[in-house]
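Shared chain: chain A. Partners: chain B in the first complex, chain C in the second.
Our next item is the complex of A and B:
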């Protein structure tokens, strides 16, 4: 599967739906729904409700996140919103505000 | 890497996209696209949008109006339905297209600036005489100012001379006073001696 990259200067206002991994260096506002991995890089900024398999946050994410597998907030990551995921890791230095619901199965 | 944005095969975006970099679309986009660079619509790409870019290369399917600052190319495998406004348009053999093409209106909006630039350039040659005249004027004005300054100097120097004169005259006056006083002293002495003689 090819990897989709949203470059630094790009601003997307709307909905992104897909089956492949997505890397965000720019700005996305709206909604993201992926059956794959989402990577928000350092410069990346996301203001959206997100439904993905995996998400790794190095940049800024504002919105509710629903991950089927795992959420990782790295040391440079900032996240505001409610989380729903079976696996979660928040590294030292990360900033987080919101509710966490770890799905027990 | 950071200058290339790729919208992959399976991605569907509905909404506005804005940016200052090249955008390669292999997936689907519905909405508006505004780029200050080049849009590459790949073979698998489908765009239903009003597009405003600098350059566009369409190998996929584009439905909507497109406006390009420089050029639009529809390749052999490209398909497009919509209106094109661009100064340069290339439609390769095999491409499919339905719509209007306007290669003049953008020129009308863009070229007057160029024409103005050229008309600026041409007058530079024609107006070079007038410019030299202007420069002469400036020279003359400079000369005038220079002469004025000279005049000022001339005005100043007499003033200085006057000052010097006044100083000298004061000296002279002082000298005269001294001599007068000296004379008075000598007269007084003479009177005293005469009185003493008497």
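Our next item is the complex of A and C:
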């Protein structure tokens, strides 16, 4: 098993670096750098600058996001920050504020 | 859905490929296989697996150590240091078990007053 789960009651203030997939149900503040995918669940709250392969946002993300593959903001997702990604989807109902830079693959 | 299973488990898991620097606080049980440097404050059971490397001051209710831990550890109920563990630092807890094979360098104190709020 190599999926890290930050559970609902966990609060991390600092830096998370790694190469396995990460699911956030709790709160993370600081910086995330991941050579894998990041899933922010409905209850999850992230206030961080993020570098990741791909990210799915069901919860709240504040910060600049640089995705190597894809950013998906789902209908329950809220995102504030500047994003850079080759692929992007924003579902109906999602809230987004920030700059989008769609880099060529 | 997958989400339901995760939520009902109400448990955190830090895998081998993850490194955290900073503070980590919470109320749920946490299993660590990765690296943590900083502070951990948990109102629950913390398990440090064999592959884990923790360099932190730790406050928790129960602590099981199978891996490497360095720091000051304050536990309100029980510390178990298993045979694969490598520990250096200070352990404070009313009950402490150290298994044969475990490596330990530092200070142990089994009777002390906990600070408020743990």
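Quick notes on this one:
The definition used in the following text is that the second predicted complex is superposed on the first by the 103 of 105 C-alpha atoms of A that agree within 3 Å, B and C clash if a C-alpha of one lies under 4 Å from a C-alpha of the other, contacts with A are read in each partner's own complex, and residues count from 1 in each chain.
To be clear about the criterion, a contact is a pair of C-beta atoms (placed from the backbone, for glycine too) under 8 Å apart; a residue touches a chain by one contact, two chains touch by 3 or more.
Because the structure is predicted, anything quoted here is derived from the model rather than measured.
On the superposed chain A, the two partners chain B and chain C do not both fit; they clash. Once the two complexes are overlaid on the shared chain, A:22 sits against chain B and chain C alike. In the superposed pair of complexes, A:95 makes contact with neither chain B nor chain C. Contacts of A:103 after superposition on the shared chain: neither chain B nor chain C is touched.
Residue contacts after overlaying the shared chain place A:14 against chain B and chain C alike. By the touch criterion stated above, A:3 is placed in contact with chain B and with chain C alike. Comparing which residues of chain A touch chain B with which touch chain C, the overlap comprises 1-20, 22, 25-26, 30.
Contact residues of chain A toward chain B in the complex are 1-20, 22, 25-26, 30.
Across the interface of their complex, chain A is touched by residues 3, 6-7, 9-28, 30, 34, 38 of chain C. The touching residues of chain A, when paired with chain C in their complex, are 1-20, 22-23, 25-26, 30, 36, 41-43. Against chain A, the residues of chain B that register as touching in their complex are 1-21, 23, 26-27, 31.
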